[in-house]
Structure formats: structure tokens, C-alpha cells
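By letter and in written order, the chains are A, B, C and D; residue numbering begins at 1 in each of them.
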Amino acid sequence: MLVLTLLAFAIFTAVKPRVFLNPLNLQNIAIAAPEIGLLALAIMLTMLTGGIDLSIVAIANLTAITISSLYTAIGATDAGLAESLAPVIVLVGLAVGAVGGYVNGLLVSRVGITPILATLGTMQIFNGIAITWTGGKTLYGAPAMLTTFGRTVIAGIPALFLVLVAAAIVLAVVINKTALGATIRLQGANPVAARFSGIRTDRTLTSTYVMSGLLAGLAGILFVSRNPTASADYGSSYVLLVIVIAVLGGTNPNGGFGTVLGVILATLTLQIVSSGFNIIRLSSYDYAIAQGAILIIIMVIDQVTSGRRRRTVPKISDALATPTES
Amino acid sequence: TTGGGGSAGSAKPGDVKPEDMTMVTVVKLTGVGWFDRMEEGVKNFADRTSIDARQVGADDASPEKQIQIIQDLLPQNPTAITVVPNSPESLENVLGKARDQGIVVVSHEAAGMKNVDADIEAFDNASYGRLIGENLAECMGGKGTYAAFVGGLTAKTHMDWVGAALDYMKEKAPGITRVSDPIESKEDEGVAYDRAKEILAKYPDIKGFQGSAGTDVAGIARAVQEAGKQDSICVMGTSIPSVAKKYLEDGSIDKAFLWDPALAGEAQLSAAKIIAEGGSIKEGTDLGVKGYESLNPIEGTTNAFSGEATLIVDKDNVNDFNF
Amino acid sequence: MSATGTSRLAALRGSNNEGVLALILVVLVIAMTIVNSDFLSAGTLFAILRSSIVPTVLALGVLIVIISGGIDVSFPAIAIFSAYTTVVLMRGSGIDAGVVLVLVVSLVIGALLGLVNGGLIARFKLPTLIVTLGTQGIFKGILIAYVGSRYIAELPLGMRMFSTQSLLTVPAGGENTSLHVLVVPAIVLCLLVNFLLRNTMFGRGVYAIGNDTEAARRVGFSVMRIQVILYVVAGVLAAFGGVLHVTLTRSANPQDLLGTELDTIAAVVLGGASIFGGRGSVLGTMLGVLLIQVINNSLILMGIPSAWQRTAVGLLLVIGVGVQAISARRSSRRVFAHREVVAPA
Amino acid sequence: MSSEEASGSSGTGDAVPILEARNIVKTYGGVTALHGVTLRLTAGHVHALAGENGCGKSTLIKIISGAERPDSGEIVINGVSHAHMTPKGAIQQGIQVIYQDFSLFPGLTVAENIVLTSAVAEKRTLYSRRQSRPAAQQIVDDLGLSLDLDQEVERLSVADKQLTAICRALINDARVIIMDEPTTALTHSEVQRLFALVSTLRARGVALVFVSHKLEEALQVAQDVTILRNGELIISGPATDFDRRSISHYMTGRDVDESRLVNPPRYDRDPVLSVQDLTLPGAFENISFDLHAGEILGLTGLLGSGRSEIAEALFGVLRAESGRTIVDGKATTIHGIRDAIDAGIGYVPEDRLTQGLFLDKSIADNVIASSLERHRRRGLLDARTIAATITEQFQRLRIKAPNVEAPVRSLSGGNAQRVVLAKWLANGPKILMLNGPTVGVDVGSKEEILTILRAQAAAGMGIIVISDDVPELVSVCNRVLVVQQGRISATYSGDDITPEAIQEGMAA
């Protein structure tokens, strides 16, 4: 994966060095990547348990809307107060994300609905709530704290990107260094054996979806930080994109295997590729073609090389189950 | 802040020759008839002025992709960016950056945006909506019920149009009432059709429909036609001649309203050119494009101007259009 | 409870909970009729059936793929690609093609696109989700960038002639409501696919692969061949769905259908198919699609404000699958007759 | 019967082999599973293939059946040589296999599973449930089984799954039938019915391969014997030349001691586990017994007698309706598996593959799966103690694998079982219940596993062994309870624990 990222980078540098290496462009990549990266991490986490969370974008928007409307509501009466309450407001937004995730968790673990159905349903519910709440309009306004943060650049690196890095590190620790993380991976590898090993399946699943909700909420915070607006239909194109990223990053949709690093690298690769194509003036449809081709070529290469390592392939999609997370 | 957008940054206004100018038109999405048509206007402008002007857009109408595209344009530092936003507010930031960098920014279908040097509308949405309302009321004979469709509850222009039409009814045609909140067609002709059928089932004596997204009226017309009510029900709204033609001819669509995206695209660019050359956009400015010969400021805004480019299509003139 | 009693119950429930799903559907319809008596009318029924035509046909392709243990998100692209390209070709060639030609051309295109999926998946043992995510982008891109992006209102005869045909017409209230003729091919396809899955060795092979690819190899199925064929079949079904869609909307719009993949997959899974493969039935899929269409096409009748409709759809979906999930859990409870039964995962 | 037939046959020597695998070499990455093994199958003979876990038996079988390709060597069928087989080719040559992992289709019905192979072989294009059913019914009746043909295999017990796999192999009129540990989950009577069928097949001139770690079974049916060790061919000859001792000696290269050896439990102290009137209608009634520290308690009975349900109720898989469970003198309600584990109970399940193991995960991940809680320091997992635990268990249980990162899927049956055992020992339970602990485990490993159990008992653990392997019970148990129709019908202790006694206790 790393090789790939560098490769993509190298190619575009070669093609259009002046524009592509322009710090502005590199910063753009680092500004767009975080929100996508966070959502991809959320999907990856749920895929580890053999599930999926289609509602993350809807959750992110709910968070953004919560923050924006709380801020403007309080600001209407007392602007100063709104600013000083900013941290609280942000936390409330994050809480909304957690609650959304909790709902998914209950549906999947307690009620026992197939994740893809449960989250497709909640996706529409959350999205519907957002539409009703905003009346379909795009809300404007967000704590200065966030907007300035959105513009902050530390040592040439946008603060937003640092958020992604931080989140990634935390998640990596959770997945690889905590009991919860271990249970999440085992749950995905074989739910029955997990149960017989004394793993509290319900608890594991619930916390997984809560975490994915939190990540989505964080992404929502980045939405408003990038530009002080919140709407019900922002980021709808992200849902499929982040699935691509997660799987491209080596996550096995059937559960059990996936790595944070892989997902982050996959995110960067796709961002580099997309801005690269944009710079060489490729139309969005040529880009769609290129992205698809790249995706498949990578998987083929990965398969052909790793094919030597893994002989038997029990399930087709296990082909990319490369146990590198431990 | 009208005009003089190019004050800051590299591109010093006035001293650049057209040959050295590059202008990019960022549209909601490419690969749809509407913006294909707009691209024709962009090409026209390029040929006419020998400015390197091109149109770009994502493969679906999503704000985030539009932001991304503009982000990626900044390093290329074009003279001007003209844009048809999917969600004006969400573009404010990135367009702000563009202007700080000295890039001229002109928008369309986005009256009220702050971080643009000028916004050029084919008309102001309120009067466009009232116009549709007026025609619909007249067709319905001043009484009865009607339903309004929008591409999405989040599509601002659509909501403005149906809102203005409703206001018109309230004032001028009290005998007419709207049966429900605007109905979402999800920009999908099939959905428009299904919803229209439902409406017909729930309100058998409905007398009119208003559509907003390009394909709404087509879907509605199909439902009306199948119910054999094309004569008793008035169907009007925003659409494209190529879409509406067949239904205009059999009367299941009564009138289609639109502005020519080609001209709109051209108008945006010439506005950008004027500003880039140090001029400014004000009341009465002539953009040298049909329907935009004398701009009127849109009240409530400092930088938005509208032309009089509304087109009304019915069965008689539908064949005059080639898009 | 007695063994026979349970088995009879099981039979009612159906191997994939079709019974439960049907029950949910009935309850929903009753509830809606109570809310608005107009709901239970020939008009609504026909409307819902009509709007189910295309989703059903598309779902059939998805069903086959899902049973084989894969996931296909490229079928909407294949559907609209085949149909739109056919229309363009026909207009280009100037011949006003009849049904046969239209079908042949579009189905061949669909088959070829399906072959691309199947080839990649079978030859390189790639995860189906990724391959189809990739091809979906490629097909969509080629379609709009190179085939065309115009909204085409003039369709070839083969499509035109069916656009407004109706199967039967019944007087309802003042005017007549009629059932569109294209429900016939949809139902025929359901029967065909049902036969293919249940009564052919190919069908058994699809289930076998979905259950355990290695075991399928060991009993002598040639996994590769079956996979290739099944994606071709899925492609053909998608193309057929595309043609039906264009015919029904009486216009060819290259932006149509794209983005409906998740809803269709949901309908199939709702119909009792397991996303992990090996399980699923045509009947269940039909019920799944029907349930979703009933939900989508009744909210205005129910008088639910537009702003709340998405929420309503989501809620109903969750409730529907929730009830099903719970009853499925019940059914998997163990029955003791002094013989050990291992509770399924 | 078998003995006289065995003497009747004249070994491998003269008769022409209908299938011969010559000098087969197979390596998996680093592991060499087979080097230069030869196997000759004679028409009308049962060929016993014996060897320790991981010595390459299944691999050899997979190569003959085309499921795997050999690195070198050839397979000669009726004089025709093949560099390798394909599954389809093998089936068309009349080779049928009962795989150790069954290779069934959980989502399909028993009937479908049984007839599918033949349907494929016949190159059918159409398939009809109705027509295929009688054939399935036929074979099920021949074996005198009570399989529900319309049940989904996923819902079956291990035993029924195995029976289904057997039926599938026998239904085709094959010329070679290979049985990879076909009797692991079967009861005595089911095994005898299988053997009856085997001898009719022999009469038809079918050549059979029989892999089993139950050596007396092997000796009972086989005419020829081949023994592997670490992928090497050790010896091959007529069954009459072997007996239980010699076979286990060739397998392990040492003398295996299976004699009864028990050390006295702490009867003086209170029992670690006391079960009183435990009842789950339909499964078991009024089960009462005590388990003392250091005691190994045998729980036996025919399949379906309810013995497994009792264990599963104690482990919280099932919920008993009435009765008391007292652990260490404390009355404990066990509503879920977690309750049981918190109370200090561990359970090595019967269905190793689905309930016991994470097949695609590494040995390491499997070993700590149940003891994550114990390996935490300040919220995080403590890498050092984890590594320590893993290596300790890996070595103590002598798991045969390149390293602890090897996926369990790549382990042989016996080694897989050691991993499950390791998982529980890593959690140091007070009470350990094992359901069929040495099913599919070779004599050598079996002895080692039993030794481990004795050691754990000696260290104060209370152990319950659920098993119908009588010699095993005799060799480790302080007491043996016989379950019949969900009730405890007999209790043996001390010197009353003899094979004969238990046999008739179960049969009674």
C-alpha cells in the first residue's frame, strides 16, 4: 500500500511538478483527506466485526447540524456566550454521533438485524431527521474556535490533518492494544467461537458501532471546521468512496482483518490520484474510469503477489485477508 | 464589494491581455443535458474572446466534490472561476480563498453569496417563480388545487421557485391552494412519476402541477397522461425543451420555463472578463449576451444581478430550441 | 412442541423467512388501509406493481450474485449502460428497431459487461465488492464520457410500442386504472431465475459456492466456470432491467438508476438472502422488493409530510427487518428430542 | 467377523492395485507435509492409514482426490499415470472421499448434500429435489440412520454432519472410497453399521482407505496397514502383522502407555462444583453430582443421551429451567457463557471447528481469546505477559506448527484440538469441561493430553470429561457417570471403572 501511495505521488510529480508539488496543492490534499479518512476508519472498524455502517455520513451531518444550529441559536441571544460555550457545543455534537452509533449498535447486537440493513435504515432516519430539522436549507455559522482551527496550519501541516493522524493513532491503539480491539477482531473472524470463548458479543458490537458513530461525529466536526455550514445532503458521495478506501486498504469485508495504516494510506492514495487527475485536466468521468481501473489493477497485483503466500481461498473475499494487524 | 475583485494578489487587473487569461466554469455536475448546453456557451465565449475558458464539474451534484474541484483549481491560479454551486454556503470558504489569491469569482444560481465578485442570474428567482405561478393560475382558471415538485428539499433554487409561486397564488389567486409541502422527486423522472400518481390517487380533483428539476414535469406529465387528464390538469415548470417536447406536443405539459444555460454560462464569463480587466458590474451593465444586455441589481444583495433571460416554451415554439 | 408441529411451522415460515416477510407485508397493508381507505384500491395496487417491475428484475441479478457469496454494486451501471447504448446505436444506425433487435443488442452488451466482472473475479479470486465498485466507475465513466450524456426522448419502436401498453384495465372511481403490460416479462423472469436456481445444476453450484467455495471444488463443481456464467447472467438481467426502465420512463437518461444499488441489495437481503452467501430465494426477493415499494409509494397517501418521508421510510425498513430478525432468532431456538442440535451461528 | 476376513485376505503383495500413489511429495510454504510417500490400494481391501496428528494423512488423501496438487510424484489408476488429479477427474474415476472437515454445504439440506456429488459427476444440467430424495433415503436406510433429510446441515450435530458426509460418499457406486476419520463423532452402534456396509462394499470389489485414531477400529476393518510419521512412510503391510501396541509404536517411535492412572482427588474438601436437580425438559432431568478439586469426572452415554446438554447448561450455552449450581460453595446462577467463565468454568466444545477455533486467526490469537481480561495492564493489553502465556501454552501442549503466527486453519486435527485446550488453560479455570477431548487425536497426543489433564487435576482443577471413548475414560477418570435419556443411570468409581462395566452401563 505504501509503495502504491508513493508511486501515485511520484507519477503526478513527474507529470506536473510545478502545480502538483505546489505547497498549496499538497495542503489541499491534506485538507480534504481528513474527513474522508475518518469516515473510512469508521467503516473499517465495523467491517472488522463482519458488519458495515452505511449511516456514517448521515451521522456526520447530524453532528455538523447540531453544532451549527446550537451555535447560531445561542449566538442569536448572546454571541460572546456562544463562543465561550464552543467546546461544550462541540462535545454535544460528538455526543450526537455517539448516540447515533449506539442506535446502530442496539439494532445490530440486541435486535440482531443484518448490519447492512440496519444502517441503511438508520441512514435514512438520520438523514430524514436532518432534513426535517434544517427544513432542507443549508445552515450557516459555526464557532470561530472551529473555523480558525480549520484554517490553522502547523509547520506546513493543516491542523485538520493532524486530527486524522491523532484519531488514527488512537484507533490503532484501541484495535491492537486493548482487549476490546482483540474481541472486535475475533468477533469478526468467527462469531460463534467468540461467544464460546466468553466474548460478550452484544457489548463488543455495540461499542464498535458507538466508536464508528464517534468517528463519524468527528468527521462532522471537520465538516463545519472546513466551512461554517451544515446541511443534510453534504458528503453523500462519500459512502461508496469510503467503502472503496477501506477495502483497498486491506480490510476484509467478511470481518477479522484490517489495518488502520492501510486505510490511511489508501485514503491518501485516492486523494493524490484525484487531485492529480484534476490537475492534468482529466474530466470527472475519465477520472471515474481511471479510479475504477486503478482499484482493480491494485487488487490484481496484490492477489498475484500474495497468491503465493496464501494457498487455499475459502471465501472469495478472503483473498485480501492478510493478517497484518497484530 | 462590487467589481475590483482582482485587487489583491498576482493577477493585476487591467494589464493582462485576453490571450493570457484562463477562466474555469465549475458546474453542479457534468454529463447532464443542462450543463452540456452550458458548455456550448463557454466554448462560444472562448472562441469569441480567445480566452482559455473551459468547463469542469463532478460526476454527481454533490457539494463536497465541487469544493474539491475548486480546491484543486487554486494552485493552477486561473484568472477567473465562475461557478454554479450545488450548495452556495458550503462554497463560501474555498471561494474566499480563491479571491484572497486574486482570482476573480463569479457565481450563477447563487444570489446572496458573499465571497464572489458578482453573481449573475438569468432572472431573480422570486419573479421567475411568480411567473410560473401566474401562468399556472391562469391555466387553472383561478381555482382548484395544485402540487409542487422539487428536485430535492435541499435544492435552494427549487424551493425559492415553488415558494414564490405559492406566494403569488396567496395574493393574486386566492381560489387556488397547494395540496402539500413541496414533494421531492430526487431529480429522478421515475420518482416524479410515482409521486404524481400518488397525488392523483389521493386528490382525484387536482388541477395543477409545478415542476422544478429538469425532469419533474416529464414524469408528472406521464402520470397525468395515463390518467387521461392531460386536458383537465395543468402541468408547468422548469424543464429543458428536449425533455419536455413530446409532452408539450400532446398537451400533457402546458408550459415549460427555463433560461438558456449556454447564454447563462457566457454571461458569467463576460462578467468575469469585465472585472478581470479592472471594470465593475453595476446596474445597467451590458454583458453582450442576449437577455443580459442590461443587468438589474437583486434587492437584498450587494453583488447579485439578474438579466431578463427567462424563456417560456410551449407546443408552438418548442421546435425553435436545439437543446 | 412436537416435531411435526415445528416442521409445519417451519414450512410456513419458509427456508428464508418468506412467511414472516409476507406477514409483515400484509400487516403493513392493513395498517395503511386503516389510515387511508383509498390505499386498498386497484389504482394503488397497479401503481405499486408497476414501480416494482424494474427493481424486481435488477434484484434478481443481485440475488444470484449474493447467493454465490458475492456483492455486486455495478448492476445499475450495467443496466443503464446497456439500455442507453442500445438506444444510441439504434438512433445512429437509423433503423427503427423492433423488440427483438433491441433486446438482443442490449442483452449482449449486458452479458459482455457481466463477463468483465465475472472474468476478473473468477480468474484472480478478487473480492467481488471491490471489483464491482471498480467496474461500476468504469462503466459509468465510459457511458457518459464516450457514449453520450443527452436525455433522449425518441425511443426505437421496440421500446416505444410497449411504453403505454397495459395488461388489463379496470374502472376505478371515475376513470380507468390499468396494469402495465411489462409486469409480464418481470414475472416470467422471476419464474425463470427461480427455475435456474432451484432446478438446474448451475443453480445448485451457485448455492454450493456461496456455502463453501472449497467444498464446492471438492465435489467437482468447476467454480471458475460457474462464477463467470453467473456474473454474465447477472449482467443480462441488469440489461433487461435497464431496457424495462427506459421503456417505462419513455426516455433514455444516462444518469438514471445510478445510485440505487444499496436499496436493491437491501431489498434482496430483506428477502432473506444472506450477504455471506449460500442462502436466498426468488420469492423472498420479490417480497422484499414489494415491501420496499409499498413503503415508498404510500407515504403521500398516508399524508406524511415530505420533510418526514425519509425518516418514515427508514423507520418502516428498520421495523420490518427488526421483526424479521427477532422471529428468525426464535426459529433458531433449539428443539430437544434427546438428539443434539447445534444452534446456528 | 473382521478377524476372519483379515486372515482370509492375503495382504498387499500379489493383488494388482487399482490405485497407487507413488513417491508423493508435498510442502506447504515451509512445512513439508509429505516426502516420498507411496500408497497402494487393492480392490476388496480396506487400507488403514495411521499416523500421528500432522503426519500427512489428510494431505495424502487430498492429493489422491485432487483437492491438492503434489509437488512431485504420480498417481497411477489402473496402470494410467497422472501427475496430479482434479476433484472432478477423481470423482469420475470413481474416487469418493469422506473429508476430515466433512466439506458439506451448511445452507443446503441433508438430502441435497448427499446427492450433489453424484449429480455433478453425471454431468447433469437439471436438478430435481424430488427425484434426488429417494436415492438419499435409500442410503440413509441402508445405514439404518434417523437423519432428517430436509434439515439444513447447518442445524445438524457434528455426528449427523459426519453421517451425512458418509452417506454422500457411499451413495455413488465408487471404486475407491477414502474415509478420513469417519467415526470421530459416531457411537459404537453407528460405527458397527458403517463397518457392515464396508464389508458389503468390499465384496463388490471396492478399495477403501480408512483413517482413524481409534486403533482397534482400524484393526477391526483393515486388511492392509500403512503408517506415516512426519510425512515419511514408516511401514506398510498386511493388518495381520500389526497389533495396537506395534502400530502406536511405529506411529510415535516410542511405547505409548494407555493404562489406567489416576491420583486421588481432595474428597476431604468441599466440592468445587455441586450440581443439584438440574433440569431442562426434553434435554435432561434432575441431574445431581459433585465434582471435587483434583477430580476427573467422566460423563458418558450414547449420543443424544443429553450428556452434551448438561455440559452446555453448566457453561451457559443453554439455560436450565430448574436446579442449583454451586461453585466453590457459592450458589451461582449461570444465564450466559460469561457467567460460567466468571465463575471459573471452562469448556472445550464438541464442535471444535465452528465453536472452538478462529480458523483464519493465528495460533497466538486463538490461545489468548478467552483470557484477554487477565492480560490487561492499565487498560491496555500487556504484550509481555501475553507473549509469555502464548509461548508457555505452545510449548506445554507441544503444538506442531512452524510458529505461533501460523493460522489455525493450517493445523492438523489433533494440533487444532491442542490449541482449543491451550485457550482454556491460559485462563486458568477452576473447572474444565471437555467434550470429546481426544476426538481425532492420535494415540501419542492423546496420551499427552490425558497426562496434561492429570497434571491439571493434581494442581487442584476439577475436570469433567464428556466422552464415549471407553478406554480413555478408564485411563483418567476417578468417577464415571452414565447418562441415559437425560438421566444419570449409573455411577462407577474406583476399581468398578472397567471397559466392560461402562460398555454395558451405556448399552443397558
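Some notes on this structure:
Just so it is clear, a residue touches a chain if its C-beta (ideal position, glycine included) is under 8 Å from a C-beta of that chain, and two chains touch if they have at least 3 such contacts.
Here is each chain with its UniProt name: A, C = ABC transporter permease; D = Sugar ABC transporter ATP-binding protein.
Predicted model, so just to flag it, every value in this text is computed and none were measured.
Among the other chains, the CA centroid farthest from that of subunit C (ABC transporter permease) is the one of D. For the pair subunit C (ABC transporter permease) and subunit D, the distance between mean C-alpha positions equals 43 Å.
Centroid to centroid, with C-alpha atoms defining each point, subunit B and subunit C (ABC transporter permease) lie 36 Å apart. If you average the CA atoms of subunit A (ABC transporter permease) and of subunit B, the two centres end up 33 Å from each other. Our note on geometry: subunit B versus subunit D, Cα centroid distance of 73 Å, whole angstroms.
Residues of subunit D in contact with at least two other chains: 317, 354-355. Of all residues in subunit A (ABC transporter permease), those touching 2 or more other chains are 131, 135-136, 192, 283, 285, 287-288, 312, 314, listed in ascending order. For subunit C (ABC transporter permease), the set of residues touching two or more other chains reads 140-141, 144-145, 212, 214, 307, 309, 345.
Every pair of chains meeting the touch criterion is listed here: A-B, A-C, A-D, B-C, C-D.
Those residues of subunit B whose C-beta lies close enough to touch subunit C (ABC transporter permease) in the complex are 30-33, 36, 59-60, 153, 180-184, 187-190, 193-195, 197-199, 201-202, 204, 214-215, 218-219, 222, 226-229, 240, 242-243, 245-246. The touching residues of subunit C (ABC transporter permease), counted against subunit A (ABC transporter permease) in their complex, run 69-71, 73, 120-121, 124-131, 133-138, 140-142, 144-145, 212-214, 227, 262-263, 265-266, 269-270, 275-277, 307-315, 317-318, 321-322, 325-326, 328-329, 345. Contact residues on subunit A (ABC transporter permease) toward subunit D in their complex (touch as defined above): 173, 177-179, 182-183, 185-186, 189-190, 192-200, 256-257, 309, 311-312, 314, 318, 321, 323, 326.
Considering their complex, residues 36, 38, 41, 43-44, 47, 51, 54, 140-141, 144-145, 149-151, 153-154, 164, 173-176, 178, 245, 248-251, 253-256, 259, 296-298, 300-301, 303, 305-307, 309 of subunit C (ABC transporter permease) touch subunit B. Considering their complex, residues 65, 67, 87-88, 91-92, 97, 99, 103-108, 112, 116-117, 119-121, 124-129, 150, 152, 154-159, 280-283, 303-306, 308-309, 317-318, 351, 354-355, 485-486 of subunit D touch subunit C (ABC transporter permease).
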